[in-house]
Amino acid sequence: MQRRDFLKISAASGAVAALEGCGNPDHKLIQFIPEEDLIPGIATWKPSVCTLCQSACGTQVRVMQGDAEVVRNGQLGLIKMGLAKKIEGNPAHPVSHGKLCPRGHAALQVTYHPDRIKGPMAVTGQRGSGEYQLISWDEALKRLQAQLGPLATAKQKGALLFLTAPLIGQRRTIVEGFAQAFGGSPVEFELFDRSVLEEANLQSFGIAAMPTIDLSHSNYVISFGADFLGTWNSPVAQSVGYGAMRERPGQRGKFVQFETRVSQTGANADEWIACPPGMEGAIALSLAHVILGDKLRPANAAGALGTAIDGWSTGLTEYAPEKTAAQAGISAATITRIAHESASNGPAVVLIGDLATAQTNGLASALAVNALNMLLGSAGKPGGIEFSPTAVAGGATASGRGANGSIRDVVQLINSSVPKALLLYGANPVFATPEAWQVKALLEKVPFIASFGSFVDETSILADLILPDSSPLESWMDGSPEAGTTRMIVNVAPPAMNPIHETRSMPDVLLTIAQQTGGDAAKALPWKSYEDAVKASLAQYQSVKGGSVTATSADDFWSKVQAAGGWWSAEAEPAAIRLGETGTTIRTTTAQFDGDPEQYPFYFLPFPSQMFYDGSLANLPWMQEAPDPMSSAMWGSWVEVNPATAQKLGIAQADLIEVASQHGTVRAPAMISPGIAPNAVAMPIGQGHEHYTRYASGRGANPIAILAPMSTENGALAWGATRVKISKVGVGRLALFGGSFREDEIDREPR
Amino acid sequence: MARQWGMVIDLDRCTGCEACVVACHAENNIDTVGEDQAARGRAKHWIRVERYYEGEYPDIKAKFMPVLCQQCAAAPCEPVCPTFASYHTAEGLNGQIYNRCIGTRYCANACPYTVRFFNWFNPVWDEPLNLQFNPDVSIRSVGMMEKCTFCVQRIKAAEIQAEAEKRPLKDGEFAPACVQTCAPKAMVFGDLNDPTSEVARLARSNRATKLLEETGARPQVTYLKRGSWNGAENAENA
Amino acid sequence: MQKTPEQINEDLLRPLQGTGNVYRVVLAFFVCVVIVAGYAFGHQIDNGIGVAGIRRPVFWGFYITNFVFWIGLSHAGTLISAILRLCNATWRRPVTRCAEVITVFALSIGAAFPVIHLGRPWVAFWLFPYPSERGIWPNIRSPLLWDFFAINTYLMGSVTFLLLPMIPDFALVRDRAVGFRKKIYSALSLGWSGTPKQWHRLETAMHIMAIAVIPVAVSVHSIVSWDFAMAPVPMWHSTIFAPYFVCGAIFSGIAALIIAMALLRKFLHLEEYLLPIHFENLGKLLLVMSLLWVYFVASERLTAWYGNEPAEMTVFWLTQRGSFSPLFWTMVFCNFILPFPILAIKKLRTITGCVIASIGVVIGMWLERFLIIVPSLSRKYLPYSWATSAYRPTWVEITITAGTFAAMVMLYMLFSKFIPIISVWELKAGQHPVAAEEYARFADGQTRLADELERSEAGAE
Amino acid sequence: MAAPDSIYGLFPGPAAADLGLNALRDAGVAREKIVVMSAEPFEEYEFAHMGSSVAMYRIAACGGIAGGALGFLLARFVQTAYPFPLITGGMPLVAPWPTGIVTYELTMLSAIVTTVITLLITTGLPNWRKGKIYDDEVSSGMVLIGIVDPSVGARADLEDRLRRAGAAKIKGTGRFARGG
């Protein structure tokens, strides 16, 4: 947008905004009868659930009366309605503890986003043109019915492909039931393929789920690349635990981070240790070597997890600190010292995630870390890694990705037989997969695509039909967090506000279609509405002793649970961890990287952005303008280059850099950052959207695009296994909030 | 004795996640200025998390320090304002009367912490983003200086509530948006004149320091410096 | 060189007689520039102060620089002419008025900038201590309020200081003019008739004014300096600022005066009135001020450097070697390296020499104000809060700045067209010989007269 | 209104003017009946001291003091005039320095203003009355020496004395006005 226009708009709509703010806009619109009665100026807090990542934090929404322009049965008008004003953590919730991450606050802007889809739309231009026209819900449902009806009767396997973001609770049950009823399978897609850790935990502990880290009780935390205070796993719960770990009376826990680039989490480490990508497993085993060798812990402590690892019984001789240190470029003394400290300052816990598991040897590394945890005696113990009852109950299919497969399967599936129809919900694989996978081309083969998303993004722009879902604040929410707690939690939240647009809750749409189709579909999804489904799933917990809600009757229970925002079990000791039976022995192989080190001298480290997560939040202005924790950059992306490297290549701050892998190039301004290895460059994930609302479209660059199609042992995308070369191609622009990178610069004479 | 609102920020707990920054935007109707203006250094973040690197790779460390208005007792921003738009409240806050401000920007220059932000243009919200306005906080128009208020609207609400219920205000019964959302509990807010309050207790910690004290502004925000592993100062942080 | 009163009247009133085309064209040009600047200001009010280049943390830029610059320039006239009056320097006579005119105009222009730079100029009147219906008074602790009082006093003083000696000249013009112009000038002359009483009172008044206006002028620029010195900003919070600024003000003032005089001399053909001696003397003054200025800069920099206070050193190095060093060294060149030799060497201290030196000084002093304001603000304490993008003025600031220079010339041109730019009566008073000679020259005239009378009487008989 | 009756001579220079003045004195014309006008102060000449002096310095000083007091009160007032108690964060409510500055500036201002007013009042300016004793030739260097309403009988004698003293022209106003 031109600055002039910006000014014009600001002058005009600033005034309008002010008026709207005080709730007495001068409108010609008709005034609807209020759908609920609220006292003006009095705020009510309603429970809800944050769905921006898989942590499922319990939140509460501040609702106040206001005037909103809404569409009711195709008629635009003005209505006094309860409007969500702010989202905060639900203080009673065992995961969020009343806290939130920055993304959680911005969830508010999903509902009020100016470019949110306002009603059902059908494509008018040819597919991908982004030309749509609004249609009525009846029309939309009729069209969807027409497409899906036949599939239900045909019962042809793989006829329907249901591509969603990771789901929880009844939402997922309904999606799964629906997909199966129409002869398809749901595929949950997310970029930071957690299947590696889940696979590791499945092999080690028989639970295919993310672990819960009990930081609040641990005295010694070793993390291999896991950004557990920013984006990894359940960051809010982990941050709360971290705070407690820091300032425990008389005992301050130590935190050691191994990674290649100083992440926001790494910045907080007492000891930050640089290690090249792919070496994490070796270092973990090297620590184990010292612990075993110096008899700091009983040799058999790790049990099967240890023995499963090749060479464990013989003391992991090939992982002697000296050897590992030589490869990793860190001192052997450090490894030995950390091994001793961790063994003698229990409870100690070891984490691994993000880039460490996004390597070709990620699974082996994860298994090594599991073994190390076991050896340190911190698996299933306070201050160690645990699993939530939800995860335990789920067992092999806790998060179900084991059962449903990953985007990789989609690729194979479509290659083998093109499905008749594709349903999209929250997943944006066209943006978040390497171009090398050709996902867009594959999806285009599908004759009919319908999207339930609230925004037009790179994937849903391919849709022929869009049936926008109501925002999380406008619809029922349920589901149990997989990690971040040791308690059984069932989130339940009624809509915090009425829809401001003509949207419908996706599960309700599915149920409608199923009922219209009748037959098995109707049987598979017996509920009248999503609300019923949630209510039904909850009944079982009324009888459970010591739960957070005690009730006299089913209805009483139901209303109390709604008011509380869910039900959770009493504080309990972590479930004892049973070891999985893994026959195969694990060898930590050296990580493979795409690209010849001579030609492509730099490790390419895309990292999850604190503000945009996997890119799904780049459409929110608050997230765009919030400064990145490490670089303080706003409204764009950048390439982090080490000062020494920059000097060698004659690159200055904000120079436009071209990053080239064997599979493509991206351009972004240089960020001369002291926190990145001289032999690596890093880019934040999340920008570089082609179509994603006025705020994100055409902004910054997308590092995923140029990733090599490398994969981990279990076939997940190894998004940390690409090598690149960089070159200066011009002058770019950085919008920074922070002036200087260093405090002591104040004394320095300008160079 | 009159209240003296103050804050303690524990740098050992702060993880630099910036939840406080976004929470502040949500609570105080702070507009987003867009890329062009942000690049001109006109972004408004009443609270910011300063990040400093130390050393050179691989022996590199980084640290975070949240900085917001320090609500100075002898605030340099107050005497320089020709129209009393910047003034001192009875409860020790540096008040800012938006509609009294004529925009000399003198206060922003005088502030050693650079925590005052100016409305270079009328703020803009693309509809229906304006529906998210917090009705308790006024919208600032062009030419006005704005800054952290310690969420004075929350303070007032709590005080009125307590008064209505004929009871004293309880320590920690409310908090500014940034404090409320801080997951590692790095920020504590309360009445420094109440020796029993948590904030007063922490302010007495031997890790307590103040920012730029040499400028004589007598800031009311106390920083607890980072501890070291098995550091001696751990014992007293009960 | 002696001139009769008639010659003097003739020469000095010539500009008022009629205007040439060149004059019209030049005037028109400057008027246009001023109009464009006016548009720029309107644009700024319409869209918001953000159309200017100022940003966080550099909240003050060109506007405040210009403010200080013009206020400084205003020290040319009143202060200088007051000093010269008091020490009764006769060479002052042709100089005083064109000096005082600079003061009045420069001061008015300077006083406009605090309003131009406001975020909400339409409520600028809140700065005035007037009884508002809300019972709110301005904050007298703010240096900006001190500015308000000081500048008003100085402006008042300067205007009267300029007007009083103009009354007899109005009377002079009145006696020469006819029709409409005569009406105007007789009104302006307040019916001055030139009785000894009037003369006596006028001169006493001027003497008192001269005494009063000097401390006011000093206070004005001291207070302007306190706008900065009162804020805890690195390299601002300094005790030397007041004298430093006053010195700089007089420095730039004299330079401006020399330039103005040179132009008048050329375009109004006042070669016989504005003599090389005047430039020579002002040149010497300029030289002294240049040395004083260097002395102040040196002691300011030295104490900062020796104090080695981190925040101050950051700004220090930023100007000495950092991104602002080119401007800094240009300033040193313009204010000292260039003018010093020109003014110190007698052979070079010609009119041209003085003018070259003065142009340098005016540029240099503008840069000095800029370098005091911007670098300090862009490196203020916490490194994270340092300027992320360097301050660059936009077309709005540049246009408005240009506009004020144009306004100065425009006003000066108009003034010289309607009022004798040299105080006629004071000049005459300096011209006529001492009484003794006059008596002698008159003696023979007496005898001739006597004879004449006798002859006529004889004829009557 | 009509001009007062007067007879005056225009002398070609200050020296002549002095003689003219003496001539009138010899004729016993009272000091206050003599009018003098010149285009310059001519401090060195006797006729330039026909005006009585006023204690302008003292008046100005008094004005200054009065203004200073006013300034002090104003400064004090605006700092204490608030309907609500003003908290200045550890700084004095009536700050000495600012008060001093305002006092100082207003002292100077009113000293200046007083001077101007004194000047105007004591010299009877502004005075736009038509037809008062004045001659345009004064501004071209002539010095005017004259007598306000002389007795008709003395007219010839006075004109003669003025001419003898060296008046270049003899003119009059009111009853003594002559054609040309």
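Each chain carries a letter (A, B, C and D) given by its place in the written order, and its residues are counted from 1.
In this section, contacts are C-beta pairs under 8 Å (C-beta built on N, C-alpha and C of every residue); 3 or more make two chains touch, one makes a residue touch a chain.
The shown structure was predicted, so the numbers you read here are calculated from the model rather than taken from an experiment.
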Where chain B and chain D overlap in contact partners, by chain label: C
Most widely separated chain from chain B, with each centre as the mean of CA atoms: D
Centre-most chain, if every chain is reduced to its averaged C-alpha atoms: B
Inter-chain pair with the most contacting C-beta pairs: A-B
Chain A and chain D: spacing of chain centres that average the CA atoms, whole Å: 90
Centre-to-centre distance between chain B and chain A (centres being mean Cα positions), rounded to whole Å: 30
Inter-centroid spacing, chain C versus chain A (mean Cα positions, whole Å): 67
Whole-Å separation of chain centres (CA-atom averages), chain B against chain C: 46
Chain B: positions in contact with at least two other chains: 37, 39, 48, 50-52, 79, 121-122, 142
Chain C, residues touching no fewer than two other chains: 47-48, 50, 136, 138, 141, 145, 383-385, 387-388
Two or more partner chains touched - positions in chain D: 88, 91, 95
Chain C contact footprint on chain A (complex, rising order): 7, 10-11, 632, 735-740, 742-743, 745-747, 749-750
Parts of chain A lying in touch with chain B, wherever the complex brings them together: 1, 3, 6-7, 9-11, 13-18, 20-23, 41, 64, 66, 68-69, 83-89, 97-106, 108-109, 112-114, 229-230, 235-236, 239-240, 242-243, 246-252, 254, 262, 264-270, 272-274, 329-330, 500, 610-611, 621-627, 629-630, 632, 634-636, 642-644, 673-678, 694, 699, 733-735, 737-738, 740-744
Interface residues, chain B side, partner chain C - complex: 37, 39-42, 48, 50-52, 65, 67, 76, 79-84, 100-106, 108-110, 112-114, 117-122, 142-145, 211-212, 215-217
Sites on chain D touched by chain C in the complex: 13-16, 19, 35-45, 47-54, 56-57, 60, 64, 74-75, 77-79, 81-83, 88, 91, 95, 98-99, 101-102, 104-106, 108-109, 111-113, 115-116, 118-120, 122-123, 125-129, 132-134, 136, 138-141, 163-164, 166
Residues on chain C engaged by chain A in the complex (per definition of touch): 47-48, 50-51, 310-311, 313-314, 317-318, 321-323, 383-388
